[in-house]
Structure formats: structure tokens, C-alpha cells
């Protein structure tokens, strides 16, 4: 399915989804509350069949005071791609988990929790992935400060 | 041709009534000689293993310590002697220290029963085979104690694997031994050797000997914990297995007894199946036998043992290791039934006299 | 709302479910971070029941270096050299992944020669990586000799790379806009000599390890992963293909010159360790085919269309591109705000997802099986931790 | 998380052209069929012997040994020309370098392995190199400095023997002399004056530069931290001032 | 002997215990230690491939130095080769591994990451900038990763250090030359040159040495 058809098909499933500009793949902005339902539909719909969550990560838009969560989906049987984008508040970074839809999300979400501090609702095992359990702060946030880290000298 | 067998123990006994002090000196010298032999053999074996392994693998092995690295083992030995010896805080100190000694002692005690040539055998018991089987069990005790006392889970796993493996395979090894005992009609090792003066048991028994030899080699390789049966210390699985917590001198005991066990196994296999120091005789063909007798018996023993040691090394550097359940399956479901059948068949052979050159 | 943040301690002190009718005691063992078969510093907390693995809890982060954070502070050319150190056995493919996304986003042009060189060296590196894997796989299963044979032949590719690229492992060769050096005058000759050297060696490998009955017995039916589960767990590369899914980006979304060459995608049937083994061995042969088709007709052209500038500007937006390394799909997500350094850069690394399968595969197996499975998914830990 | 809870539909078989091995090289999948038990046993045993044949084949042919004897073959060991192990200056026939201290390489270096210091009072020209310090300890041999250098000053050598006992020895000063570039030097007619302008440099003096850098960096870090702390204190104070009601109100209450 | 250590002031790392024995035995022990460096199988990243695998493999063959007996257990290892990046989470484990090794133990830091953090020196929130912040390092082998020959050069450097150290009189003490306070008229280039000369002449043990070593061995046995 090519990009316009794909977007149309997804928007038929979830009318709230809007197209995100400035992206080289078809990307749809989805409200957080509709995420899990849409994800399940995307995976199970025989025409879409997004069965591979290729990656999931977050972007810290510090100036706009929000996190953007990206879900990069691939359909192995059909070979098409789709990106879901969910924006959440930077002060209350809470989003439902998609672990039940794509099991790999368990680790990807743990990574996002570890590095960005995003909290996943209903996640079965939300703990630090890379850093020690008692690490303070979330290093990939843009305002992360650390006494250990060295700046590049000029 | 009859061989004059005289063991060191007998010579000491001869000396004893006349001059007890000379006898005592003789005993002392024997102990020294055995220790020296064990050390030298161990070092040579380690060097040989490293060189042979290297050439199996398209490389050259130790090269820089002495000519082609011949002093490599000596360097290793001195280093291990001078290395700090650690007993972990939570380990059972006494058993931790005792374990390598036990393991080494088991190997050493077997050593005294090996007939290396008619005149080179420390003690020739009339239950030699039984003695060897019994005493070699001490080694597994050392391994079990070492693994348990280290207070390390990997060590414990390694020790349990070793225990299960060695005890299981001892059954098959003993069954294979019994075949030879049946044919030779004696438990005495020198007697077994002499019973082969018309041919080696490996071919005299219409295949029974060959099967027993194969079983003995497989079971023996498993008993000395070498690839493909090196589960007790499988590096990729259990870090270093039962000797994970050992360092320095005590580790070198384990290391040395591992290599000397290989020698013991090869010596036993050649004694039982390949005639030990007995030259290659075929029946009563005096011409051939006479030619074969030109080589001294000690050399025959050395050649056969070397060949079997090479075979064991060859196994090690070719095969991957088995899994623990496959190991047990191989023993209990394959080797043991075959061993029993083989034993019955050979018993039948012995009873009917159906083997080459029966007396 | 039920967000509950847990710790490792809580995770492994949890439930103990002994299903065996015998009353056995389960215990935890730490495999790693320093363990010979974890290929680096991976820690697996194993819940064991005797020799049987009841549960595997991978603990990551022993080599987490924060490459993504560093990427935000450097320019694109600097990031290319950082990804060398992620999956160091496919350093060229990593370079290419970043290069691809930067070239796509910044609309940089390349020519056929550049693409051909890239394809060639990547395929060579795929062989190199698989040879190393083969050797280490043999060693993990207890046979030492394969390790030496595998690395002996790998050195030949190292020589080829050294001549052309000037490095043995961390190449930094494929640059945005071109490749760092033109191929060495002897490259074609060397590669051909190597291929004719390798082909008989592959037969030898089969005789030594592939057909060995112990290997067969140890790998058959171990660590089975169905096709649906493999996709759901996000596995890619040989792990996924061994489960019977012919998902190969070289075929489905051809990049470089893969569209021009003829090759097959080997797939397995059962998804067990044996299939993963076999798929990799077969991929070596397919890579040889690809190289053979390309090596004789490398087009002429420049290796940099324009003189490489230290800094590259990428238009604002989200850019993503992915390719197939020796271990699976490596994707690079680039979020740019129009400056010289990325606003956010994220790497979707194949090993991260492939390792996730180990929890599912290993349960119920033996420790020896676990080692075989770990080796059969061919992990590179720095690629997981980044 | 159990298997049952995830309902992933089974895939349709992959497209035909992707399946299969094909090709001239690939044979059939070895051993994929489980032959009969007895046949299997014999096949298995035979496979063991095949493996043994291969290993002993190598043992018997010493010509297959591929080992290079490194320290012994130092004279004959020839590394490829492009091998990157040590950064060096390109000097022309007269021994002059062309570095103009443009600092492009310093900027391009991913981890500041190149530290260039200029001189306070240049002797001849406006920009003069004092020391070009290259940190071998942190260099990643990425070759970026070489490809971005507009004047072709830098190159990579294959000198790999540089192990040391002290890591400070790994900071090299690449320029053999401080002072102006070749084009300026050549204008100086008097050889003595030219020599004086050149000023030889100690090749291992780089660590002093790095230490100075570290001191500077630490001071900057401390200052930044102090500034952050002060800002935090001010913020808290402001918050407190806002939270605590003025005393008049208290009295009124 | 003693070119490097005599001319450069050393750093002493004393350890408890000690007794007095003859010099010949010292030399013998140092000889054996330097020629039997069993490495710990420890590698964290890229350097592990080059330094632990490629060196051990057929082309370069670490066995020539008697160092192919890679021990997975730190108790039995003599040489800890830090091959790869050390991050904050790994640092305590590395320290533990070092503590678990039995004396004498030697440490080599190979590659940029282990020497100073290398490519991850700046802007990385976890990378330790140099393994010598955690454990003492004897020899630094630069490279990213160092090629196997470079590692061998480092190994020879370490062997030289061990041979010139003092073993029995001050067990565990080893003299590591430092840069500070170079003697008058001595440049580092001189030292390097001398070292390279030594390597080309002296590195290979000749047969005469071997015989002499055997004599040491018997002398040593007498002492025990």
C-alpha cells in the first residue's frame, strides 16, 4: 500500500489521527488514549498487518514542553511502513503501554523510561534497562545535568 | 619367551630381611622417582598438548621460551608455584585445601600399580584391576569436595556434573575392564599383560575386545573430564567449573592431575587391550615374535601409551562437547546395554574357548 | 493508573514456581557480566532448577555508553565514526546506515561506483562476521578448533580491508557523500583470490562442524521460535529468517546495488538453533554469490562527488532509514532541527531485539542449551547497550 | 506474559522467490532428514571420523600453519600503506610543514584528540603554531582530520609500536618546530634567523598542554556548578518569598 | 638489563609480606612469570575481538608467548587485559575482578577507551575516562583497537617490566617507570629506541639462556 492509501486506511480506523509534517515516512499523530486500540487494529487488520514494531523511542521537545513518542511499524507480509506519533506532557509523561500488542515494546518502553523517564501505564516490568536502579535523572532529556559528564573543551 | 616380572615392591621385600635401612632408602628413592616421573610426565604432557593442539589449528604453539617453547611448562610450573594462593573467605578452608591433594593422590596411587615394563612396576597386586578402579574413584572425591567447598554456584554445578558423570561412566569402564579380566582370567595387571603374549586382547576375542576397547576409551575420556565430555569445567558454560575458585599451587594440582589422568587412562588402556609392555605377538609365530622382541618392553609401553594419548588429544581438538542430558543418555541407554551384552558374549567366548589362541 | 516502577532486586526475588512434582529448590545464578560465553559484558540472571533453566532475566547496561546522547553533541560525520563501535563486527553496515539516512535527508548524491564499493565491502564484512560467529559458535559448544579455522579465514578479509580501508575493525569508511578511499588497486584480485580460497574451506567447515553428530544433536529442536513469535518479539536478520520468514531488506527494500544482483534469501523451517546455524552458513554462500556478480564490473567514477565538508546540514524533520547488517535490521532515526548536529538520533539495533528472544527460547532448556542459543542469535553486546 | 494472550495471526508462506537456497554453491540442507535409527548412528559415527580426518590433515601438513612470528619478523613485516596507527605531519623536502593553524581538524576531531595551541606573540606571521598536540591515547583513527585538512598537512602512518608504561607519554607534539608555515619561512633569507624562527619542539611534550586543558575544564565545571547552585538558591528564595505571606498580613490574621 | 627502569625513577607498589632470597631465584621467577602470562577472558567491546580473539587465533597466535591459556576464572589468571570501554555500571565489577585475581597480577589497558575513554570521553554520562581510575594499569597499548601486533608489543613491554622487577625480596613490588623527573640528558626517544633494540635482540630466548634457566631451576629446587 502506498503512503496516501495507508494514511487514508488508518484514518478510517481512527478519525482523530492527523498527519505529521516533516517526516519521510507516513506518520500519524495519535492521541494517547486511542493508542492501544489503534495499535491492535493496525496489527490485526488483514490489509495493514503491522506485525513488527521496528522501534519505539521518544524525542524531548524541550521548548515545546512535550515528549513526542514515535512508534515505527513495519508490516512484514505487506512490506509497508507507518509511524505513529504520540505527544505527551513533559511534566506528566504518562502513556499507555503497547506491550500487549507487540511484546518487544516491553524492552523498548523500558529503554524510553530509563533514558527519558516516560511512564508506561500497565507495563508489566517497568524498571531501568541500561542504568543502575538508583541512577538520578534521565540522561537523554535535553535538560539533563550531570557532574560526571564532560563538555567538549573549546 | 617368558618374562621375568620383578616389581619394586618385591625388590624392597627382598632387601628387607638383610638390611632394613637399605630397604627404607629404596622406598624413599622410589617415592622420589615416582614424584619426579609424575612431574616430568605432567610437564611434558602439557607441553605436548599445547603443541599438538596448535598444529591441529594451523598455528605453532609456544615458541619463545626455549627452543620451540620447550621450557614453557617449566615457566608455567614455577609461576604457579610462586602465585598467591587464595582460599575464599566463605569457603570451607579445610576441604578447600584437601580437595586438590585428594585428587592428586588418587592419580598418584593408580600410578604405582601400572606395569610399565617387566621390571618397572612399583607394586603388583593380585587384585590390580580392582585396586585401580577403586583408587581412581578418589579423584572424583577431590573434585566433588573442591566444588562443594568453594562455596560458588558454578563450582558446585561443575562438581555435581563431574560427580554424576564420573560415577556413571565408571560403570561402563568397569564392564569393559571385566571383559579383559574374563579373558585373561586374572585381576593382576602383570598377569593380564602376560596373558597377551600370543596377541592383544583388542583383536583376540572376535570383536568383543574391540567393543570393550571402544567403550573403555569413551568411558575413560568421560572419566578424565576431557572434551567431548568436559562438562565439569566447560568454560563456555560454567566459567571454570569445579576449580573456579582455585588459584596458584592448588590449581596446579588439579591441572596436573587432569593431565596425568590422561596418562593413567592411556596406560590402563594399553595394558588391558594393547598388551601393555608386551611386544606385538601373533600366536606362536616365533619369527615375527622374535623380531618384535628386539624392541625393549618399556619402549613398547611408551609407544602404545603415546598413541592413545594422541588419540585422546585428537578427540579433544576435534569435537564439540555434549550436553549434560545427552551425556547421561549415552551412558545409561547406549554404552551400558552394549557393555552388558558384550560382557555376556565374551563370557560365552571364554567358556567355550572360542577366541584366537585359546590355551 | 497503575504505573509501578520496579527494581532488579524486586524482579528476581519474586515468584518461585516449581512445576516439578519433586520438591526441588530453585536458585539464582549470575551469568556474567564477565562470563566467557556472553560475548562481552552481558549479565543474565538465571533461575535454575538443577541444570534446567526456569527463567532468564537479561540485565543490560554494562557497556551502555550513551552513544545517542553523544550524537546530539557532535556533527553527522562524527556520529558515523561512533556507530563503528556499536556493532563492531558490522562496522561498515553501521557506517552505511548513518550515511544512508544523512544522504537521504540532506539529498546528497552518490554514483554507481560508490554504491558498488559499499555493497562489496558490506558483503565481505557479512562473510567476515559470519566466519567469526562460526568460530565462536564452535567454541561455545566446546570445540576449540573451529574458532581457529574461522578466524584464520577471517584474517584474509581483514587483510583486504586493511589494504583498502586502512583499518581492521572500526572502519569509518562509508562517509556521507562517498567512501573515504578508493579501492586499492589489488582489491579485485585479492577478493577473487579470497573467494576461491574460501569455497573449499566452507566444505571443510561443513565436514568439521555442520555434519558432526554432536552438533546435530545439540542444536536440533533447541530454542525454537515460531515465525509469529519471532516477529512479535521483534527479531530480525538470521534469527527471523530461521523461523521461516523471508524478511531481508536487501531483497524487499533494495539499497546499494542489491537490486542488480541475483541472490536468494535462505530461510529455515523450525526456527531452532540448527536453523539459525544453517541460515548463517547459507548466507555466507549467498554473499559469495553477490560478490562474484559485482566484483568484475565495478563502475568507474569518483569516490566523493564533492569534497567532503566537515559539517553537513540536514533539513528539519524526522528521517529514518534501515538496512540489513549481518545480524538484522539496523535502523537509524534522525530527528533534525536544521542544525549541524542532530536534535535526536536513535539507533534501532538488531541485537537489542534479538536478545529479547532469549527469554522465550531458553526457558526449560539446560545451561548448555542456553549457551548454544545465545551463540546462535549471535549477539554483540555493545550493539544492545549502545 | 504468556504466549496465549498475544494473538498474532500466522503468516502466509513467504513469496516463492525468496525461499530456497538455489545457487551453484549451495547444496541441499545437510542432515535435515532423520534417517532410521541404525543408519543415523552409523552416519553419526562417520561424521565424527570425517571431522577427525580434517583436523589431522592440518596436523600432518605443517605448511598450513599461517602464524606470523611478530617480534621476530619485525624487519619483514610490511603493513598496508593505508593502515592508520599514528598521525604524522607531512613535511616537504626542506622539512617544512604547511599547517596554518586553521583549526579545521581540531573542530572535526570527534573527541578532541587534536589540540592546537597558537603563540601569544607570533614571530613572523599572524597565525603561528606553537604546538600541534595529538593524543594517541584518545585517538580513534577515524581519518576525519586527514580528509578535512585543506592543505594536506596530516597523514596516518603505520607505526603501531607505541605501548608505554605511562599514559602521559601518549600525547605527542606532531610539529617538530614551532613557528610559521613553510611559505613564510622561505621568505626569511638569513638562515640563522630562519632557524631561530623555527624553534624545535619536544615530541613528547604534549601532556603539559593536555594538563592545562584539564585544569581549565575542571575550573569551568566548578564555576558552572556554582552558578547552577546559585541560581537554584535564588529560585528557592524567590519561591519562599512568594510562599511566605508578608508579615502585615500575618498580623492582620 | 634495566635500561628503562634504571634510567627512569619507578613507582613502587608495595604489598605486605616478603622474605630475602638470592637474586638468581628472583630472575628465574621473573622469567617464569613473564613467560607465563595467562590472560583473563575479559573483553567488553571492540578491542576484545582484536586483542583477545585475533591475537589468540592462528594468524597471530598468542600461544607463542605462552599466554594462550585464557582462564575464565580470575583466580587463575595473571593478566587482566582491559579490552574495551568501562562504564560506570561495569566499574565496580572490574574492580572486583581485579581484587579476585591472585598476586602477581598485571593489567594492560588496550585501546583508547580503556586508556582514557577514547571516543566516549566527552558528553558520555557513563563512560569511565580511563581504566586506571579504577585499577592500577601497568602497560597502555594505544589503538582503536590496537592491531594484534601492537598488542604483542605491549605484551613484550610488560614482559620486560616483569623481568626487571623484583619478585621475592619485595613480592608484588614492581617498578613502573614514570615520566616525571627524567634524568639529565635523557630523552624519551632514547628510551624508546633502546627498548626497540632490546626487543629485536633480546626478546627471543636463546638456547644458552634456556640452559642457564634450567640451572636456576635446580638452584630453586634446592632452596625449597
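Order as written gives the chain letters A, B, C, D and E; numbering starts at 1 within each chain.
Convention: contacts are C-beta pairs under 8 Å (C-beta built on N, C-alpha and C of every residue); 3 or more make two chains touch, one makes a residue touch a chain.
Just so you know, these numbers come straight off a predicted model, no measurement behind them.
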item	value
Labels of chains that are neighbours to chain A and to chain E	C, D
Number of steps on the shortest touching-chain route linking chain A and chain B	2
Between A-D and B-E, the pair joined by more C-beta contacts	B-E
Longest centre-to-centre distance from chain C, chain (CA-based)	B
Greatest separation from chain D - chain, by CA centre	B
Centre-most chain, if every chain is reduced to its averaged C-alpha atoms	C
Whole-Å gap between the CA centroids of chain D and chain E	23
Chain C-chain E separation of Cα centroids, rounded to whole Å	33
Separation of mean Cα positions, chain C and chain B [Å, integer]	45
Contacts with 2+ other chains: residues of chain A	51, 76, 103, 106, 130-132, 139, 150-153
Residues of chain E engaged with two or more neighbouring chains	41, 57-59, 61, 64, 72, 89, 119-126, 144, 147, 203-204
Junction residues of chain C, two or more chains touched	35-36, 61, 64, 66, 69, 73-74, 81-82, 84, 145, 148-149, 152, 155, 170, 208-209, 212, 214, 228, 231-232, 245, 247
Interchain contacts (touch definition) - all pairs	A-C, A-D, A-E, B-C, B-D, B-E, C-D, C-E, D-E
Sites on chain B touched by chain E in the complex	50, 54, 57-67, 69-72, 74-80, 82-86, 235, 239-240, 243-248, 251
Residue ranges of chain D touching chain B (in the complex, touch as defined)	48, 51-52, 54-56, 58-59, 62, 64-67, 69
Sites on chain C touched by chain D in the complex	74, 77-78, 81-82, 84, 145, 152, 155, 159, 162-167, 170, 172, 175, 180-181, 184, 199, 202, 204, 206-214, 216, 227-229, 231-232, 244-248, 251, 263-267, 278, 282, 285-286, 288-289, 308-310
Touching residues on chain C, where the partner in the complex is chain B	27, 29, 35-37, 51, 138-145, 148-149, 152, 208-209, 212, 214-215, 217-218, 366-369, 371
Of chain D, residues touching chain E in the complex	65-72, 74, 77, 83, 85, 110-112, 135-141, 160-170, 202-204, 207
